[in-house]
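Per-chain numbering from 1; labels A, B, C, D, E, F, G and H assigned in written order.
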Amino acid sequence: MTDFRLDWDRAARTGIHEAVLCESKAVAQVEAIAAHAAGLGRPLLFTRLGPRKAERLSATVRGLLDYDPLSRTAILGDVPPAAGPPRVAIVAAGTSDLRVAREAERTLRFAGEAATLLADVGVAGLWRLMEHVDTLRAHRVVIAVAGMEGALFSVLAGLVPGVVVAVPTSVGYGVGRGGRTALHAALASCASGLAVVNVDNGFGAAHTALRALGTAHDRSPRRAGRMHRA
Amino acid sequence: MTDFRLDWDRAARTGIHEAVLCESKAVAQVEAIAAHAAGLGRPLLFTRLGPRKAERLSATVRGLLDYDPLSRTAILGDVPPAAGPPRVAIVAAGTSDLRVAREAERTLRFAGEAATLLADVGVAGLWRLMEHVDTLRAHRVVIAVAGMEGALFSVLAGLVPGVVVAVPTSVGYGVGRGGRTALHAALASCASGLAVVNVDNGFGAAHTALRALGTAHDRSPRRAGRMHRA
Amino acid sequence: MTDFRLDWDRAARTGIHEAVLCESKAVAQVEAIAAHAAGLGRPLLFTRLGPRKAERLSATVRGLLDYDPLSRTAILGDVPPAAGPPRVAIVAAGTSDLRVAREAERTLRFAGEAATLLADVGVAGLWRLMEHVDTLRAHRVVIAVAGMEGALFSVLAGLVPGVVVAVPTSVGYGVGRGGRTALHAALASCASGLAVVNVDNGFGAAHTALRALGTAHDRSPRRAGRMHRA
Amino acid sequence: MTDFRLDWDRAARTGIHEAVLCESKAVAQVEAIAAHAAGLGRPLLFTRLGPRKAERLSATVRGLLDYDPLSRTAILGDVPPAAGPPRVAIVAAGTSDLRVAREAERTLRFAGEAATLLADVGVAGLWRLMEHVDTLRAHRVVIAVAGMEGALFSVLAGLVPGVVVAVPTSVGYGVGRGGRTALHAALASCASGLAVVNVDNGFGAAHTALRALGTAHDRSPRRAGRMHRA
Amino acid sequence: MTDFRLDWDRAARTGIHEAVLCESKAVAQVEAIAAHAAGLGRPLLFTRLGPRKAERLSATVRGLLDYDPLSRTAILGDVPPAAGPPRVAIVAAGTSDLRVAREAERTLRFAGEAATLLADVGVAGLWRLMEHVDTLRAHRVVIAVAGMEGALFSVLAGLVPGVVVAVPTSVGYGVGRGGRTALHAALASCASGLAVVNVDNGFGAAHTALRALGTAHDRSPRRAGRMHRA
Amino acid sequence: MTDFRLDWDRAARTGIHEAVLCESKAVAQVEAIAAHAAGLGRPLLFTRLGPRKAERLSATVRGLLDYDPLSRTAILGDVPPAAGPPRVAIVAAGTSDLRVAREAERTLRFAGEAATLLADVGVAGLWRLMEHVDTLRAHRVVIAVAGMEGALFSVLAGLVPGVVVAVPTSVGYGVGRGGRTALHAALASCASGLAVVNVDNGFGAAHTALRALGTAHDRSPRRAGRMHRA
Amino acid sequence: MTDFRLDWDRAARTGIHEAVLCESKAVAQVEAIAAHAAGLGRPLLFTRLGPRKAERLSATVRGLLDYDPLSRTAILGDVPPAAGPPRVAIVAAGTSDLRVAREAERTLRFAGEAATLLADVGVAGLWRLMEHVDTLRAHRVVIAVAGMEGALFSVLAGLVPGVVVAVPTSVGYGVGRGGRTALHAALASCASGLAVVNVDNGFGAAHTALRALGTAHDRSPRRAGRMHRA
Amino acid sequence: MTDFRLDWDRAARTGIHEAVLCESKAVAQVEAIAAHAAGLGRPLLFTRLGPRKAERLSATVRGLLDYDPLSRTAILGDVPPAAGPPRVAIVAAGTSDLRVAREAERTLRFAGEAATLLADVGVAGLWRLMEHVDTLRAHRVVIAVAGMEGALFSVLAGLVPGVVVAVPTSVGYGVGRGGRTALHAALASCASGLAVVNVDNGFGAAHTALRALGTAHDRSPRRAGRMHRA
């Protein structure tokens, strides 16, 4: 028995590539998976790989990875160049939400999609959001990242016509601790049509965006390139 | 032993008049209290007196009450005329929140305060709120009433300088059921300085407003008249 | 002050039409809104209008409505003919989930979108789902409706490439009561890219689907027709 | 893209100054914000800046800050002298609640308001509270800080006429852990008119007090001075 | 198999008599138990026997019962005369808490103990409680019955030296709904030594009191008489 | 303002001595309180004083304390000799529950009461409990300490006639984590008359026992001695 | 599309027959399913079919059903005679738990298994359980049914060697309401090896028992007869 | 008083051997228990013995233990050889679930049962599970170990006829944190007959399996050997 079996056909089936959640894996397990994928010449995305765990990987494996500490992601293999202008915008309500926003951005990038990232546009100073509305309306998908009370989700969904993916974050304290309040605010929003994902799940939000862009359906050249790389 | 002891001196102590929460009281108990207060010639406010319970009161007692079914409140004794222009605005996010907004309005009125009431100004259509901002900024206190995700609280607190009392309502379903989501949104708001009260507590919100107006401290003529009536 | 203000421009802004949630509104309020919209010649969707409340509407208003008791929806105005083959599939895990599935179908239909509806394809008998996989893969969006433990969401997201909207339902008892378990299963799914909405929110799921179809962006003829009707 | 955008006009709009919640920000981010504000010559309040994070700031930035470890607050710029006698009293139920009480005091001071601070006056020894009642009644606002079961909030609200802001703290264990019990006690209090804020939110309580004092409305000299400093 | 087996020896073992919780039993089951006990000539206490269920009992059985609708209790057999002055005081915070207070009183009475019952002495008007302190201090056990935020428990435990049994009630709404807030307040109280029972459990509170009075240990005459009757 | 005010008269009022909960206090605060009490020649009990915090106290203060690391308690002043045979038995379900059981024992001892302590008598091996039943029945009060599912509380209350104080502990994992399951089991027990205290609250359980023993009422010599020592 | 698709092959696959949960199905849906199965000559079990819903079925369908109101189950087709002595014992802690115990018994009977049913053997009177221990030890599977605090599960699992299936019930109030406490007690039990099912799920407990008896594996004659009937 | 009393007769009574949960025990307590058992020549299983605690044991005791860091288990005494082919299969949904799967395997092994262990067969790539179905169907018991949304439990229970023990794990984040979602999914599963144990309880799952194999009942040679060894 080996400890892991990667699902290399997932992209063909669902348009979503296999990735490795490192949070509850041992350093040795992460290392074995990376070596295995490198041996096959396949790119792979690692998420929730904290700095301390990353440092404990062997120098060989670390040399193969493009590591980003803020988002705690690593990419094995070449990051593909983005084809065309961004179709996804990512909006972070506060500076503290940037780590999750960046996880979404990196996941999109791994799939060959560029993204427009806007930071610190929460609703306590509404003008900060308002001056970006036209920009946001020009994207097919907007990923909104917010903690605390998550009011950003409702305001945004009332202003833009595309897919709005709500990513609640665990930023907050007291009743806001752990992201439950922001999550519930997204689900109970009076502005309908939000696509909600789990707390701090920037990775999943990117995948929801990719599904909405219809990549696997369209067989567009951009996607084809991506497939080739894998 | 009698079943109840009213606290007639509370107004002198705290500026807040005694009131009777009818929800878990028997019809006979409500009736006994009303008769007792009427015998003393003292005005009294009854809250959460549902239509069915109100109908089961004796004709004599009902004749003494000014009953409002939407807010489920009844006033025993003369409703005092409001002195001067409204210092409190009440904003209801949706039509369904009006019953709670009206409970706040009636409680204020019982204390001699008029209020400006605005309905259906939720954030999914932000323009509906925006066109009232100047009006709202002109009041000393704004009572915001909202269910579902309660995004109205944060947006409002970022726009007006006075006291903002947040009253979450139980309007909603799924994770929004029972008002917990709106309550937590108010408490975890990124816009600071909100004064939060319990779910559906329009009565308490009015009292928070009265305390903020400083009625008991100011000994203003408006208040004096109120005291006289009692 | 009137009690309601409809947001007729929402479709232009977000591609999502105004609708009326009837659950916590009085019969008189529903009636006033219907009369108002009818007077303006505008179509309107009513959701969560239970049979008992529907029966208490005046004969005049009821004559204007196309009412469906299973989904508890009513449409005021002509239901537009669906343009083209269905782009959305709706999958209900059990017979009991059909009421929510049908709310999604009616909401789509109100926006001019036909849908393919499949019932009773839960995972306890996996073959029932498997024989539909090719059909499901051919749709741009799949709306999955399931209560209890919501295992359908994960299985489905691992099999199809398009947008998968997860609608947890309140079908279940014990720890499954109220839909919280199915909701959390959708959010914590090991199969990424799910777009989750609130419990029993077939209406919201349809809107998420419409956003994903890019209706407002595309300005497709199908949508134009819809706009004309309004 | 920069990571942050400060809202310098908030004071003009709401009477509440911009402040920086440091809890989930990196040291580099806190440092960048401090340097930015210092460059503009603007004062700024930092909250939840723990001693370990404070020590990791550069010597230059630390030299600009007035840091208080108990309340975990830092003030950039001159602390304005308090104008006139205190209008706000702060009451801490136990010694352990002092850190939150002090956060409120520092936030008020940053806005030019002095406060009277009373410690260890919980209700298990009621006489400790009773001997301060006259003092408390002489203030416009009382901020009550309590953890565990939060009985102090109800007792206090029954005794004083002004605004009573309830700040539940996370002091406690078992069912009292995390402050949820004290929070719910404040919200469900039988003594009406409490203004409740989030658990451990001394900062927000001070802002609620400032709104109640009507600073932005009154344009009083005390406030004007404050504006000038900014 | 019969459906029930009464534990007639419990009193000998624990000093606590067998009683029948009727809430989830069918009318036929309650009737069978009553007939069985009557046939044996044994007294029995029935709790949570709502008026509607009581009315559906046969006339024969009803004739055997001393029924009290407020507390929803019925006693089969003679209620023993109380021996000596009350050793237990029962304090109800509000009028709405009386039904639970009375369940405690009836349970004590069934065991031959009289009780002093005081109503409407909540802490919002502290003087109402204060004028009874000497009376309360003279009892061996005080049963405190309170809903909402349950501040009464802490205040009382700080004032009297005997056993204080805290009975939270389900009186309240919003976060206070169902009695969870009052329960947690009793458990997290800063005044130590409270003996807490389940929400609305007046029956259990009486038993805690009986255990504290040491009835079974003391083999006092009062108890002996009780035993004889059984 | 000083940070603390001890309530030396509490014993006279309630028979319960003042004690200091150290968990959320700084080392300096604990030290100041100890020095203050020592200066007055008054004994004092410190609870939840973890080994690491205890080590950081000054040598002078540590020399004054009788410290017990398992229970995390320290006694300032002479521990009084126990007068007479134990009236309280303490039963710990598992070895892990001993730390809480010992906190109860130390608190009793500080009040001059000896206790019988039995360990590892959980219900999975019922015979271990059964062979102690006669011993337990001979005590006026039994304090039962159990985590996990807390079945011990119900079994015990069905076997002994005296006061049974239930102390749930936080021993457990999964749904048992934090002690909530054991707490709810104690409150919902089918064996009535349990006196429940907060999770891990051995200190409070001892106080409940002291109240039940009627110390303050009885003015017994044992107590008088205790008073003298203080 | 039809609304339902029965999984007739499930028994061959898992040894567990298809059954119909009626709780959230309309009368018409139940009726259609019953008619469909009757037309195919297949037996079928209906669960959670309340008396009121059962009465609204057509006389034809009702004539085909063996209905039991206590357990709310109906069997379509002949109930097979039990082959051999019971291998499963069912223990109900209280009279109120009988409805769930009986659902388990009926489900077993539908699969051709007899069961020994014992009622009212809760742990408050431990002797009631103890006198049945030898009987219980003689069965391969014991299904324990208990609400409130569920102490029965732990006591039983410490005494018998076979499979112990724990079925928590919703009998209880306060913290015991809805069965969550009994469920958690079963899961956190100190007596290991319990097989826990959902609250009130007598049906599932019977299936767990059938799996443990190894029916589908053994291909025993008893089972073969069952298969033949289907 | 000693701190522990081992229940050596448990195996005779229930077929389940005594084991020691080390999580909340001090190193000294674990050491004392191990020395005690070694002195008696009895084998013993230690669970939740983390690496750091294991390292702090004396060299003597460590020399007696067969320690496995992944599962955090230690076996004192000889591990018995497995008799015959495996009757239990263990399925881990992800690599992160292996630690719990291995705890089950070690517990079985301690009882003389071999097991087949399969890793990384979650439902997002359904084919990984499907290719093992025949293997799984050939075992009497399948232990399924899964975190996150736990969809594996339902899919598996629909495919295999034997006992399926569901072990939810705490692998996950956001709403999946702590294993509550996987636990609820197992309990609310639409595929009936699951035997659920507590979160992360691989130990208990093994015991449920042993009970289902009927070891204690059968007195099979395999078991006899086990008994002899003890």
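One rule holds in what follows: a residue touches a chain if its C-beta (ideal position, glycine included) is under 8 Å from a C-beta of that chain, and two chains touch if they have at least 3 such contacts.
Just so you know, these numbers come straight off a predicted model, no measurement behind them.
Minimum number of contact steps separating chain A from chain E: 2.
Fitting chain A to chain H on CA positions gives a rotation angle of 90°, reported to the nearest 5.
For chain F, the chain with the farthest CA centroid is C.
Set side by side, B-C and D-E show the greater C-beta contact count at D-E.
Of the chain pairs D-F, A-H or D-E, the one whose interface repeats that of F-G, sharing more than half of its contact pairs by residue number, is D-E.
Centre-to-centre spacing of chain A and chain D amounts to 36 Å, using the average Cα coordinate of each chain.
Chain C and chain H, compared by their mean Cα positions, are separated by 44 Å. Here the CA centre of chain D is 58 Å from the CA centre of chain G. Centre to centre, using the average C-alpha position, chain A and chain F are separated by 51 Å. Each of residues 10, 124-125, 157-159, 174-176, 180, 183, 187-188, 192, 198-199 in chain D touches at least two other chains. Every pair of chains that touch is listed here: A-B, A-C, A-D, A-H, B-C, B-D, B-E, C-G, C-H, D-E, D-F, E-F, E-G, F-G, F-H, G-H. Against chain A, the residues of chain H that register as touching in their complex are 95-96, 98, 117-121, 124-125, 128, 171, 173-177.
Of all residues in chain G, those touching chain C in their complex are 1-5, 7, 9-10, 21, 23-25, 29, 48, 168, 170, 178-180, 183, 198-201. Of all residues in chain H, only 10, 13-16, 19, 140, 157-165, 183, 187-188, 192-199, 203-204, 207-208, 210-212, 214, 216-217 touch chain G in the complex they form.
Remark: chain C residues 93-94, 122-126, 148-151, 153-155, 157-159, 172, 174-176, 180-192 touch chain H in the complex.
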